[in-house]
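Heads up, the next two complexes both have chain A, just with different partners, chain B and then chain C.
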Partner chain A sequence: MDAYLISVLTFIGIWIILAMSLNLLVGYAGQVSIGHAAFFGIGAYTVAVATVNLGLGFPLDILLAALVSGALGGVLGLPALRVRHDFLVLATIGINFIVVAVFQYTPALGGAYGIVGIPPVTIGGIEFLGLYMLLLVYAFVLAILALKALLLRTWFGVRLIAVREDEDAAAAIGISVASTKIWAFVLSCAGAGIAGALYARQLGSVFPENFGFVESVTVLTMVVLGGAGTLVGPIIGAIILGGLPEYLRFIQDWRYVIYGLMLTFLMIFERDGLMGPESRLRAWLGRGWRTLAADRGSGKP
Partner chain B sequence: MIGRRAPEEPSGHITNAHSASETVGPTLANIVVTGCLYTLIAIGLTMVYGMLRVLHIVHAGVFAVGAAVGLLIFTTAPVGFWPSLLGAMLAAGVMGVAIYYVGYRWVLDAPRGTPLLVSIGLFITVQSLLEKEFLIGPHVEGFDAATGLPAFTLGGFAFTPIQTAIVVSTAVVCAAVWLLLNRSRLGLSWRALSEDMNMARSLGVPTERAVAINMFLGSAMAGLAGVLVAVYENAVSAHMGEVVAYKAFVVVVLGGLGSIWGAAVAAFILAAFEIGISTTFGGLFPRDAIGFAVLILILLFMPTGLFGKRLD
Partner chain C sequence: MSQPLLLAESVSRNFGGLKALDQVSLHVSAGEILGLIGPNGAGKSTLFNCLAGSLPSSGGRIQFNGHEITRLGASRRARLGIARTFQLGKVFSTMTVKENVLAGLGIGAYGSFLRSVTGRVKGESELAQAREILDLFQLHDEAETLVATLPIGVQRRVESARAVATNPRLLLLDEPAAGLTHGEAESFAEIVRRVRARGITVVVIEHNMRFAMDLTDRLYVLVQGRIIAEGPPATVREDPDVVRAYLG
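== the complex of A and B ==
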């Protein structure tokens, strides 16, 4: 495979992890966030500091990134306990701005110049570049997909969906809405941290502007396009939005115009996304797909 | 602020334009002017929220489009400042109506997050379009227009001509909004619609028309503010809206959602707070981050704002 294709596929894998992690929050717990790029960035910066300044190696650095992002996600998810719906979205936008400002104004994080010279993952003397990194990223994709599928079959998965469908009813039958929401934030942000960690390792550098509002909107568009609350939806969204701009110059130049329009019109015409339970594509693909991808709120206890 | 730009460049601050001189007078004038600009932007936002219950993020896009149209008219046609301003307001108003018919109209019954995501999508679209070379482009353009108004001094505060224009426009807009809301049939129908849209409709209030006029006027105010900010800062850029609009949300939430007078009071509080901090501590703090932190704190601990009745 040529190096460019490998690089594109690697980044798509990272987007898939990021979109899957956001889907846990948006699709299953029903907490819409436009601050997910902040936690992606926190993971990336954690790895940058861990490798460049502390000399940590794989897999400790990624573990640390997941822990830091998850912990901060739990703390910054606290507004979700007080505000709902559109005001939560507003708060998450604010969190994203604040985190980017911290990246920009903290000298230890390189300020506007970011952190460069992050070494590639090295295991047993082998540097994970190109194909090796690609395989490593997709190993993470599969592991996280499996974990997510398992998680949704546990009691916690049921709690998530109950909170999404009706907070008050969930509370009335004895589900702790607060702890469910906070754990959704912790797990989702930890996933974003892992994606950020792989991103920093792959790119070799991190800059504040890679983790802003526009990136958060992009990830959310991936989830919504594919179908929030489905296992395959975010994967499909990440492949389409991550892959197309690399090969179609027109889309590359107009990507944010297209992402914006896509988000708007998906919200108006196809709120369930391509793979959602009510989507036209899914109806057209037929029953086989429906059983393969079915899981949205099926209510299985 | 949102990324594509190094932090050294002008970043959509209204407040940093002429604050270099360090006497008390200019700072107070600065607070007044900044408060006026925040008021202008926030009134449009709170009008839209009051009626449609939509967090109208794309207001920021309308604001930037207003500035761009104003500059376009000013540089291509020999008409001077005031007609350019009018043209910009007209364009912004039409854009607001278009936003309603293309976007919000279809999702008013959807779950609460949906109209907001529609709005964010439109905002990203508008901003990315403005960034294209055939519109504003990725750089900052100057907007050096003479208003023809006099500079004046009031109680020791010196106002430059553009500051005069800002204060006068805000006063006129506030008076007009008050008259419209309280002394006209249209204002009555707005108040009815914001109480209960379905009930008002079934009692014969012409909903579509009232909402369209609401969007037109609210957006025209964003266009007005856009041109005034652009001339005040002598800068037009594709990203000029993003920080300002987010601060307008601080103002709107602090003032109590849907409360126009709350928004005006909150605008001056925020302006005083920001300018106070930035003149006391200099450039130590990333000022925008403070504004966002304030918003989150308000949402957490004072979700009804200063004058709001409820946050449902």
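== the complex of A and C ==
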């Protein structure tokens, strides 16, 4: 396989993990965040420090990244308990700016120069570059997808959706809204931390500007485009928005305009995203599929 | 008399300068169906919110089943056995009817993160219990229907079914008959009696006087945040203060 293609697919896998983790918060728990890149960055910087400064290896570095991002996610999620939805959005944007500023102005984190020289994952003497790293990333994609699907079948899944649907009704059946939101932040940010960890390992370096507000908007657009609150939606969103700009140069230059337009049009015409339950695309695909299946059936001599 | 199941002493609630509840005291005995009536804006729903914990009271104290619950939040009170419905109805509209009932059945797992991530929602015993409650509320035909697509009257029944699924000691119903036809209200009253037969004590806010008189064992009348009368329906109906409050 072409090295460029492998690299693009690897980054798409990382975007998928990031989008899936945000979807838990936005799509299931109903807590909109435009600061998710902060936790992506915290995971990446944790791995950078853990490998470069502390000499930690795989998988401890990734585990540590998940723990640090998850714990900070829980703490920084505390404002979510106090503010209404629209203010939460603002609060998460604020968190994103603060975290980037910390990366930028902390000498131990390399300041604006970031941290370079992060070694690739090494298992049993094999350096995970190229195809190996691609497979490792998609192993994480599958594991996280499976974990998420399992989690949603537990009572915790009910807690998330109940809080999203109606906080008063959730409390009335014994669900602590506050602790449900905090755990949603912890799990979602831990997922972002894993994505960040893989990102740092893949790229070999981290810089503050990789984890800014624009990245948060990008990942939110992936979730909303694909369909918040669906298992496959964020995957579709990450493939489209993570892959297209690599091949269509003009998208790269205009991507913020395009993301903005996408969000606006989605909110007006397809609020559930491409894979949402009410989506026209899904209905259309379903109809097309049924027609095809019917044709095949009747086409028999 | 035995210890009441719920005891409220001088409960007050202010909204700015407005006294929505002014030193309300009441008791609910185990096993009764208690009615709470009063004109619009009398504070009935505010009282429910204070009893269920969705609004903190500004003064007074509340005891439930021997526990001091005045400072507890709504979810803690629910886990102690106080279930409720809401005046305008609050269902989980993207879930099916059965999933709404299952959500209520999970109450034992909601107290801790660990228990809620280890318990499966659609286990055998949960599904059996859900079926039984769906039957009780005559919802078996709608079990797999998305709640959002159902008429309001049916949604109200779903909400009550979800509340009963939490296996409460006390069930607070906020205007369950609002918007129902006479026939539907009758059949709902029958359901409430069967709920009581399961050992659940019921307090019901009602606007529909006939429904309240038929269903309840005892009534409190709330007017402008104060209780002005209490007693069996037949007595309350004749009370001159009540007649004045209702007829102006």
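Convention: the second predicted complex is superposed on the first by the 286 of 301 C-alpha atoms of A that agree within 3 Å, B and C clash if a C-alpha of one lies under 4 Å from a C-alpha of the other, contacts with A are read in each partner's own complex, and residues count from 1 in each chain.
Criterion: a residue touches a chain if its C-beta (ideal position, glycine included) is under 8 Å from a C-beta of that chain, and two chains touch if they have at least 3 such contacts.
None of these values were measured; they are calculated from a predicted model.
Annotation: superposed three-chain arrangement on chain A; chain B versus chain C shows no clash, the two fitting side by side. In the superposed pair of complexes, A:Trp183 makes contact with chain C only, with no contact to chain B. In the superposition on chain A, contact is made by A:Val257 with chain B only, not with chain C. In the superposed model, A:Ala195 makes contact with neither chain B nor chain C.
In the overlay built on the shared chain, the residue A:Leu151 is in contact with chain C alone; chain B does not reach it.
Once the two complexes are overlaid on the shared chain, A:Ala169 sits against chain C while remaining clear of chain B.
Once the two structures are overlaid, the count of chain A residues touched is higher for B than for its counterpart among chain B and chain C. By the touch criterion defined above, A:Val214 reaches chain B but does not reach chain C. Superposition on the common chain A brings chain B within a closest Cα-Cα distance of 11 Å of chain C. Chain contact summary for the complex, chain B toward chain A: residues 1-8, 55, 103, 106-107, 110-118, 120-129, 242, 246, 249, 253, 286, 288-289, 292-293, 295-296, 299-300, 303, 311. Those residues of chain A that touch chain B in the complex are listed here as 32, 34, 78-79, 82-87, 89-91, 93-95, 97-98, 100-102, 104-105, 112, 208-210, 212-215, 217, 220-221, 224, 254, 256-257, 259-265, 267-268, 271.
By the touch criterion stated above, chain C contacts chain A in their complex at residues 52-54, 73-76, 78-79, 83-86, 90-95, 99, 102-104, 106-107, 109-111, 113, 115-122, 159, 162-163, 165-166. Listed in rising order, the residues of chain A touching chain C in the complex are 151, 153-159, 161-162, 165-166, 168-177, 179, 183, 277.
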